[in-house]
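Given below, in the form of structure tokens, are the structures.
Okay, so chain A shows up in both of these, paired with chain B first and chain C after.
Our next item is the complex of A and B:
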């Protein structure tokens, strides 16, 4: 294991806030605090997206999926988590002289959780889940970018997760600890990463075949019904709202080409994964509407600004001529 | 920004174009012409090769790729957590021995490490391979429940995957088959103590219980998952591609599946991932019409060059593939894998036959 030896680190297992026996009044009390999904099964959470937030990067974007439930005052257990991701694109820039020849654009993706992004503190060095997410993001983007137009150059996509979706509800003590977690929240994080990286790449003006967006769908077991076989398909699941997720799938979807560049599906899927993939593409189409609107708005604002600058420049020149003449 | 360490195939654009067109025709002609699209490369497999491990296996493919997997189990103390709301625990002590361990297993009890020569352990390829293998192993939840001993102790399973040769082709399928065979032949010492006592084990190795119980009568037990690599070239789907074939793939899909619990035929999927095909990094070809050395005219501006390139799409000059995989192609792949008599069933039964024979 590569641990960070240069700093004084927090305990590796993380710390959990003490839960005092007095807060638990009766056995069923904790379960009654569990957040419930108030959206319909095909309804997505709201998305906030803002491109060009980092001036020094050639392209950047910020995505936020705010928490759906209002914080309650009666308990310390937070109901649901929210997702906040920034992405910045550096390049395309020439490769260093020492690097061997590359016929196409070299894409490097770095996904990093901020140390405070999840309940268990993340270290400064990327761990395996972060590297794994980086590979997923790279797979999603590699098919979209037209790399052969930039030989001998590289581009870096750096994604920082400021707040990540939790793998489960905080009240479920079994899901404590990142190593023991089921990793359902990571699928939401990946879909968010894909959407925000796509917006950042478009903002950087790198040639793509289409705008790519991420979407998640899940199959959950209904806790109320007695039947074990009672499964429901949901779009954009919030892991905290469901006690048992059977399977989930994140895709990166190119809507106008009807193609998928990345699938990450896990869980007990059974013989037919088509319904799950279809649900995830529907979710991706939902976030595509937001991405398109936001990018169009940003483009209009940019050109509006340029036109104004040009006009004022012309005026000033004219004024100068007048002065000297 | 270090370039990819994975050794790319050294094929010229003309060779890539030739290979692709022969794989895209019906029926496809593979690099090894004796093989059909569903054929796997032949392999030599053996198990119980490491005396110091609970289970082990070695598989060598005909092209010289060789993988070794050792499974070791250790008894570990489970961390005691304050139980929330379960104050009435001592009431329901007696009647719970039926499904005592279901749902109590934790994902952290299985640890997987993949070592590929030429790669650091934190490089993206070994990390990706390890997480795919681990994820498919934990998907069903039955394995981790079997590692539960009692409230205070559990087995910790270490699966160490070693690729002995350099990664000649994408090693995921090989590593997963070797892991499958090793887990299938893993034995854990038989438990002699009862309930919440400190665990005491039978020192007779013959009494050891297999980690994946053998088929008892008609009920089929679950088996470790296998990962099947499939690639798409045009309309064709080709399984178990070799390195050169991967270099012209439109898309590559890894499907992890295990046997169904209900019937003995068919399979169920536990995990799917797309893999970035190396074809995205291949050099594009330059057509004669754009090459002044072959009588063409070199484009005057870069914009001109771009337009001419875009017009080449179907001319047979090699251009790296763009975009992803059509949805119907994905469902076609999964169907070919999981259907009764499909690829998954074939692979699982072939690996089971190694152990029996």
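Our next item is the complex of A and C:
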């Protein structure tokens, strides 16, 4: 058992959301707090992205997908979690002396949940989920970086998840145990990691084939209908808003090349997995629009002086910046 | 098709028969795409005359490149060098570099490359100056310890990307060699000839491969 011996550790088992007496007295009250998806099936949550937030890193970005549902006035527990991820890129820097020769860029990805990122407290040492996410992120990014431009160098992508999407609604986990807690939130986290790492890599000026973004699509069971077969396909699921998710899929998608570098599927996909993948790429294109917009804005600020010099001599070109998703 | 003023990675810039790919771009299926984010610069350049498919007239094909952010060499980053200041840049052959000697061996001196061209590196690169690359004449009589000392600042040129960890640096021209050196007492010395530095107080001369002052 690898526990952290260097720090005062929190009690194992973690913290739990406070249980208010009203939820026990009134049986219907808890269910009335259940968040519902208020956006359309093809509508994504809003995304906040900010590049260049860490001055000492060569590139960095911060991504936040705020909670979509309005906070209820009757309880202190937020209905859904939000997603908050930072990514920093260190390098490209020369390899250590002991490393063997490498003709291309060596990519290292590290994904870490902050100890307070989820409802159950995480340890300081990377666990298997985090290493798994790191491998997924590495395969996603490896397909987009042009490594031959940086011989004998290494680059580190460090992703810290400050708040992760949950696997389900907190009310369910308290009452039904593990109702659907099989890591649906991780897919959202992976897609966010891919998007934010891509923005950080672009910020660092590492040669890429395209701007890569992550997207998630899911098949959920409709709780209102009597029919158990009634399934709905939707983009960017927030696991807390759905009582039962049947299948979900996260992809890393290169929009201008129409290529996928990473797929992660979970659950009972059914007969048509392609439709789910297709949906996830649509979600990725949606977040690409945000990433492109934000990066262009940052570029314009960075190259302000240079562009003005250029435009004063030549004709004005700022109007034809392509912003299509 | 007009060129965009700012490009992001993966943005289409133009076909390869109308433009030449420069730094910051890549070719995919006969089209030039941007590979880093930045302003697109198209500079006129002559196409190589080997294109025999077209008519004999040599047409001008603009070179498309994407410039990296301008580096402010005066700003070393918030925590000193190696902490975010400087540019992501690799040494290339024929680059003039500034470096500091870190180790002397029997056959070579080791240096760390700190500046490439005019830009400060984000991280120091390991460089190696072989004994025969120190000067151009009388190569068999070169002695490392009469040419460099640990801590000397040198100007040199990258002659090879080297092995797994070192770039090979040469100082075999007049303008290359030791730029700044301290004497054994620690005082800054001044060059008196191409192979001597002198301490201003004690007047003692020390052997160095001096760079010709501009």
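Keep this in mind: the second predicted complex is superposed on the first by the 287 of 325 C-alpha atoms of A that agree within 3 Å, B and C clash if a C-alpha of one lies under 4 Å from a C-alpha of the other, contacts with A are read in each partner's own complex, and residues count from 1 in each chain.
In this section, a contact is a pair of C-beta atoms (placed from the backbone, for glycine too) under 8 Å apart; a residue touches a chain by one contact, two chains touch by 3 or more.
Predicted model, so just to flag it, every value in this text is computed and none were measured.
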{"item": "Touching partner for A:254 - first (chain B), second (chain C), both, neither", "value": "both"}
{"item": "Partner chain in contact with A:147 - chain B first, chain C second, else both or neither", "value": "first"}
{"item": "Partner chain(s) touched by A:204 [first = chain B, second = chain C, both, neither]", "value": "second"}
{"item": "Chain B versus chain C as contact partner of A:300, first or second or both or neither", "value": "second"}
{"item": "Contacts of A:95 with chain B and chain C, given as first, second, both or neither", "value": "both"}
{"item": "Chain B versus chain C as contact partner of A:132, first or second or both or neither", "value": "first"}
{"item": "Which superposed partner A:292 touches (first chain B, second chain C, both, neither)", "value": "second"}
{"item": "Touched partner set for A:123, first chain B, second chain C, both or neither", "value": "neither"}
{"item": "Common interface positions of chain A, toward chain B and toward chain C", "value": "95, 99-100, 146, 149, 209-210, 254, 257"}
{"item": "Of all residues in chain B, those that touch chain A in their complex", "value": "1-4, 81-88, 106-108, 122, 124, 127-128, 130-131, 135-136, 139-141, 251, 253, 260, 266-276, 280-284, 306, 309, 319-327, 330-331, 334, 338"}
{"item": "Chain B partner contacts - residues on chain A that touch it in the complex", "value": "2, 19, 24, 26-31, 95-96, 99-100, 102-104, 106, 108, 126, 128-129, 131-132, 134-136, 138-139, 142-144, 146-149, 154, 156, 171, 173-174, 176-177, 179-183, 209-210, 249, 252, 254, 257-274, 277-278, 281"}
{"item": "Residue ranges of chain A touching chain C (in the complex, touch as defined)", "value": "55-58, 91-95, 97, 99-101, 146, 149-153, 202-211, 254-257, 292, 295-296, 299-300, 302-303, 305-307, 310-311, 317-318, 320-322"}
{"item": "Chain A contact footprint on chain C (complex, rising order)", "value": "2-6, 8-12, 24, 26, 28, 33, 35-39, 67-70, 77-79, 83-84, 88, 90, 122-126, 161, 163-165"}
